[in-house]
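Have a look at the structure below before the remarks.
A, B, C, D and E label the chains in the order they appear, each numbered from 1.
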Amino acid sequence: MLINALNGLVYGSLLFVLASGLVLIYGLRRVVNFSHGALYMLGAYAGYSVAVSFSFPLGVVAAGLALGAIGVLLDVVLFRQLSTRHPLVTVIATFGVLLVIEDLVRSVWGTQNYAIDPPALLSGVVEIGGAPFPVYRLFIVGASAAMAAALAAWLRYSRSGLFVRAASQDPSVAAMCGVRTALIGPMVVGLGAAFAGLSGILAAPFLSLNPAMGSEVLVLSFVVSVIGGLGSFSGAFISAMLLGQVQAFGTVHTPELASLLPFLLMSVVLIFRPQGIAGQKA
Amino acid sequence: MTALLEFDAVNAYYGAAHILHGVSLKVDEGERVAVLGRNGVGKTTIVNTLLALATMRGGAIRMRGAALPRVAGHTAAMHGIAVVPQGRKILPNLSIEENLKLGAALRRPGRWDLDAVYALFPVLRERRHTPGTALSGGQQQMLAVGRALMANPDLLILDEPSEGLAPVIVDELAGVLRDLAGTGVAILLIEQHLRLVRDLSERFYVISKGAVSATGVMKDVDQKTLQASIMR
Amino acid sequence: MSALFRCVDIGKQYGGLVALQGISLSLEVGRVHGLIGPNGAGKSTFIDVVSGRTPGTGHVYLDDRDITRVPLSERRRMGVSRSFQRTSIFPALTIREQLDIAAHGAGGGHTGELTDMLGLADVLDARAEEVSYGQQRLVDLALALVGNPRVLLLDEPAAGLSVAESQTLAAHLEEVAARWKVAVLLVEHDMDVVFRVCHVLTVLASGRWLVAGPPDEVRSDPAVIGAYFGSAA
Amino acid sequence: APDPLRIGVPTSRTGALAVLGDQVVRAIEFAAERANAAGGVDGHKVEVRVADDEGNPDAGRRAGEKLSLEGYRILIGTISSAVGLALSTQLNRWDAIYVSVVNKSPKITGDSCSRRMFRANHSDDMDFAIVAPWLKDQKEQTWAIIAADYLWGRGSGSAFKTTAERLGRTVKLELFPPLGTTDYAPYITQLRDSGAQGLWVALAGSDAINFAKQAKQFGLTDKVVMFGHNFVTPSSIKAVGKDAIGIWGNLGYAPDIPTPVNADFVAAWRAKFQTDPTDYEGEAYAGMQAIFSAVTKAKSVAPLEVAKALEGLTVSTVFGDVTMRAADHQMELPNYIGRVSETDGKVAIKTLLTFDAATATPPPSPACKL
Amino acid sequence: MAMISTARPPVAGLSQRLSMLIVLVALAALLFGVERFGSRILVSLLAQAIIVSALAFGVGLLIRVSGLVSFGHAAPFGLGAYGTVYALSGAAPLPPEIGLPLVVMFVTLVFFLIGLVISRLEGVAFSMLTLALGQAAFVAATKFRSLTGGGDGVIIDMPRQLYGVHADVLQSPYGMFVVGVALLTLVYFALNIAERTQLGRLAVAIRENEERVRFLGYRTRVLKAGVFAVSASLAALGGVLFALYQGFVSPEILHWTFSGSALIMAILGGTSALWGPVAGAFAFFFLKDGLADVTTHWLAVLGITLILVTIAWPSGISGAVQFLLARVPALFAKGKGR
């Protein structure tokens, strides 16, 4: 029971970090970013390479920074050009980015599977309820919570956070008030991509890295952000946690439906609340 | 004296549609100027050109004598201009207080802050944590005015600020704007509400079909003549 | 003359905020009923509730038939039509197209006279998103007027209109009510229009009924002057 | 000069199965190279052309059609059984034949068998056939099953269950996580709580790797005896590393198979690639050997001639001399079971049990009517 | 809020009629040219493209008319394909000639009912619900093994003849291409007429502002569901053709990535003309195939191409063509002037 709840918490935490990147980018650019899974994968690979040559913490930092830089680049080169275009058009562009990244990963790292060990400090187990539980999984919960809190605090309480939220809703009004919207784009997309990358490297120690890993999580991260109400962090947080628990308990109690659980949850939420848990009506 | 803001033979477009045909107008420091005209003649487009929401091709916009090399969305704000846009443009997912804080994005010093705006429109204080659009139409208009005041501008541009306001609030607004002008803030007022316009402005421009068709000093014309020149 | 459209004990709460409480009023054929009051008094909320846009309390009768639960689309076919304070039109359709749709939905009607009167004739083939704010307001109004409705609920139709347009509008409203036998509810802050066309006024304040009566009486009511008219009285 | 022997390889170059596709292509090209270096197959120069099937039947048909139209009508190498089956419906129209070297679905040599389709690798049924002889020597009495929730996983799970119960073992828990599951924690918790002593794992590709790593982190791997169906392959083990030590599995092919042909193959392979051939590489190579023999026997590179020659043909392959059974076009192969172990600080797969073709190949399915 | 407003409401103008004419001429030329000069590989690509283009057509239609973006149109496609499996199997109660149209009608009906429920949703929420629907169909296909053969798929028992045509014709690329072109042309003209009706315009109005449409006296739900059903029926048609052509059906055609490709094709083609998505499907197919021939890095090249195309032609192929068409009269006029 307790262990299961904990399993759900771990899973939910990872989903949250992943989805919050998507939420950031969607919030500002109104882009459903199909390359988000690819960014996650790239984060895992880049972090992996640094982690094997240096150390895991350095790998985490590198994944965050590298992906952040890629996000900035994406915004400057792509999203900004497309910002006046219909969001659907940008979807194809992000799909293009996904293909490029997949090819890049395939060329640099090949098609084989890689795996990475958690750092020694975090690799043991602790006894919880009489059963061993991997320390690394607890670390994920902690790291995600810290990231969630930092992000929420920044957006809610800082001036730049306010500007980001304003620019997300109506860039022309934000600009009219003096916000340099041209700088906000790269900042937000960079941050969003960095979150994708971080979730990739955080997940790496219990996953196999392969060029298909991105597409597996892409849909899940969509689901989380839609259940939460697109563009809403608190919503994404609640829905990630909810999904974690549903997944943990659902696979035990209704194994037949395991693969549909996220979609069932989403359908139920959307039918009763089309704007998602914390989303505002359009 | 160089003008604070000057439009010099500005031509502006939405896409391929040519809307402003060589509009020239200016606002001096501390001056109160009105822009009048029927629906659809291009009044809002003048503001939109300044905000880079319409495309300028030909002509120049000058701030304090210097031509702006490129107009971007935040240019006006950087030069101390605040705008109360037509249709209010309140951000729905920000609270009322956050909408106001956004107005102060550039942190220009001055006498307008949250407290001053709340004192002016007490209903905003009462509802300060609710989302911006959970307000009635007129309340949103107050918020839009408050947000512009928060910028402590040198020039305040108001695009039909009286729309949706109850008559007594229009009176109050007139009072505020008069006070503001008294402190040296220039005002460019686009308005249909002639009483407010006459009350407030020193000079006027009449726009028709995307060009200035008449201009003059407010106290030299009576209401009838003014109305006739707009309707022409 | 018996009331064509009766609203009884209308109320509405937004969370803890009582936006409207126990408001009743009746509209009669051929008459324009003005609904005025300070910003946030609940006027738009009143129209939203009685037109079925937002759920609220109370009952609405048309021809003494309770239509409180009737779906939106039905109401229009029964002759109840409304306009919107926040313009609600079809940005990508040309003005002609949307007026045709409105006419068809209302069961036929002539749009020609209407567009001439509202000064939209020149822009009929422009897409609504390409015309000015004031023109968009006129389109919103035109969508409500098309097809001879029996009851018209108008939320600040003159807002955003130039003086000239407001005056034409006022003239038209008078004519619509009198000649076409329409019952009109008019929410409006433009006192020139209100006093020109309204046969009776109801004043709301903070969601409550404040006073009602013929325009001249209301105009001189000191409470209303203080709360609402200011120098416009 | 005689016509070249044109071999078309529709296989996965992109998508989740690309890691296997790459191996298959490498081995096929290697086989062709060696044959050409030796003067061709019966004088026919071997030409190989690869097309991407993207791991899905629709693209697979496109790839197959293209290859056939370009004259590469001896097809080999798809990964997904569905792609193989999709090809099989078109072989007549294309006048092509198809030799499976990876597809394991029983349908290939069962109800969907065809005159123009062959299988040179182990079928699922062949892999199940060696479970009983292995299981009877294991002392664990209680078992649990975790198998991917799709055709192969379910089939593997139920085959194991039948076998286990026949041998008097109890199966305490069966779990079927969906394909592409990333977090196995809820499953691992249940498996641990079930108290089963042994665990049958039938998960695909990267799912299996995820499971193996997480099972180790939760301490499950050290508590139970684990058999990974189709899991103990060099590429998976390389990814999982030390965490895989102790896991049993069927091998399909192993570099240490003691046949002269294999010794020769492995030596040449090592010389070229500085590493051992993987199981997929070994099997794909064997498939090519079968085709080459048939061409030699048929004295033709016409697909249908080659097909006729293949029926009942005994081929000398890396597995030794094996026969392509005429009844259902299944190659009768030996099969192997091994275990992941550590030698000199290196993780390696050790072949522990060998089952001859007679034990490992069940009789042809009655559903197959050729 | 409407999610898309790039598609102009249909106006029976010159450019529309011109574009219909162009479609016809192009088709005639294509069929003839392909018969005469097309290599067999080209025809084989064309056949696959025409089938998938039916799906893209459906997805594009929904975007164009309702502004709704489906991430789950693989579901009606797959349902059409598996329906065909059933209609051609021994278990079917009716002869296939009747069964196949029934399959399409059945899918249409099912999606009409689904549409009644989910057409309340808008924007991304709608997309995600269709995605969920698609995944549910995918999982169902892998589980109902008796009909679907699970992940391995099923091989269809093709009858000797269908509608008096030898079944082999349907499995041959040229045969399927002709059938596909004929059917899609019919559909195209039918939709072209339908769009011009009052209902067609109303559908666009609903896309723009559903609430106001209701205030104008229309019931919107049924119409929205209807549009959804029509777009699903196109996908189902594609599914039926697919099954007939391949003789084999497996769950991959229900996977969300398939819906995603169809969406890409639709957007690539653009929705400013009805035929846009079809053009998009062909472009995507040929691009992919051509690139795979020249480079092993075709994924990256395809990706970069998509990015460049979106920057250069945001309104897709049809938008670019219409833009050029609009310029053609002007060019002539200029020529005369000089």
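We adopt the following convention: contacts are C-beta pairs under 8 Å (C-beta built on N, C-alpha and C of every residue); 3 or more make two chains touch, one makes a residue touch a chain.
None of the values given here were measured: they were computed from a predicted structure.
Engineer: So which one's got more C-beta contacts, A-E or D-E?
Structural biologist: A-E
Engineer: By mean C-alpha position, what chain is farthest away from subunit E?
Structural biologist: B
Engineer: List the centre-to-centre spacing of subunit B and subunit C in whole Å, with centres computed as mean CA coordinates.
Structural biologist: 28
Engineer: Distance between subunit B and subunit D based on Cα centroids, please, to the nearest Å.
Structural biologist: Taking the average C-alpha coordinate of subunit B and of subunit D, the gap between them is 75 Å.
Engineer: Quick check: how many Å separate the C-alpha centres of subunit B and subunit E?
Structural biologist: Using C-alpha averages as centres, the distance is 49 Å.
Engineer: If I count partner chains per residue in subunit D, which residues reach a count of at least 2?
Structural biologist: 14, 149, 178
Engineer: Would you please write down the residue numbers of subunit E that are in contact with two or more other chains?
Structural biologist: 5, 139, 299
Engineer: If I count partner chains per residue in subunit B, which residues reach a count of at least 2?
Structural biologist: None at all.
Engineer: Just spell out which pairs of chains touch, all of them.
Structural biologist: Applying the touch rule to all chain pairs gives A-B, A-D, A-E, B-C, C-E, D-E.
Engineer: For subunit C, which residues are in contact with subunit E within the complex?
Structural biologist: On the subunit C side, the touching residues are 51, 53, 71-77, 81-82, 84, 88-94, 97-98, 100-102, 104-107, 129, 143.
Engineer: Any idea which subunit A residues touch subunit D in the complex?
Structural biologist: Per the stated touch rule, the residues are 3-4, 7-8, 10-11, 14, 102, 106, 110-115, 117-118, 123, 125, 131-134, 136-137, 203, 205-208, 210-213, 216-217, 247-249, 251-252, 255, 258-259.
Engineer: Across the complex, what residues on subunit A touch subunit E?
Structural biologist: Contact set of subunit A toward subunit E: 32, 34, 78, 81-82, 85-93, 95-100, 102-104, 106-107, 215, 219, 222-223, 226, 230, 259-260, 263-264, 266-267, 270-271, 274-276, 282.
Engineer: Write out the stretch or stretches of subunit B touching subunit A in their complex.
Structural biologist: 51-53, 72-74, 76-78, 82-83, 85, 89, 91-94, 98, 101-103, 105-106, 131, 147, 151
Engineer: So in the complex, which bits of subunit D are touching subunit E?
Structural biologist: 13-14, 51-52, 55-58, 61-62, 65-66, 69-70, 81-82, 85-86, 88-90, 93, 105, 107, 112, 149-152, 154, 178
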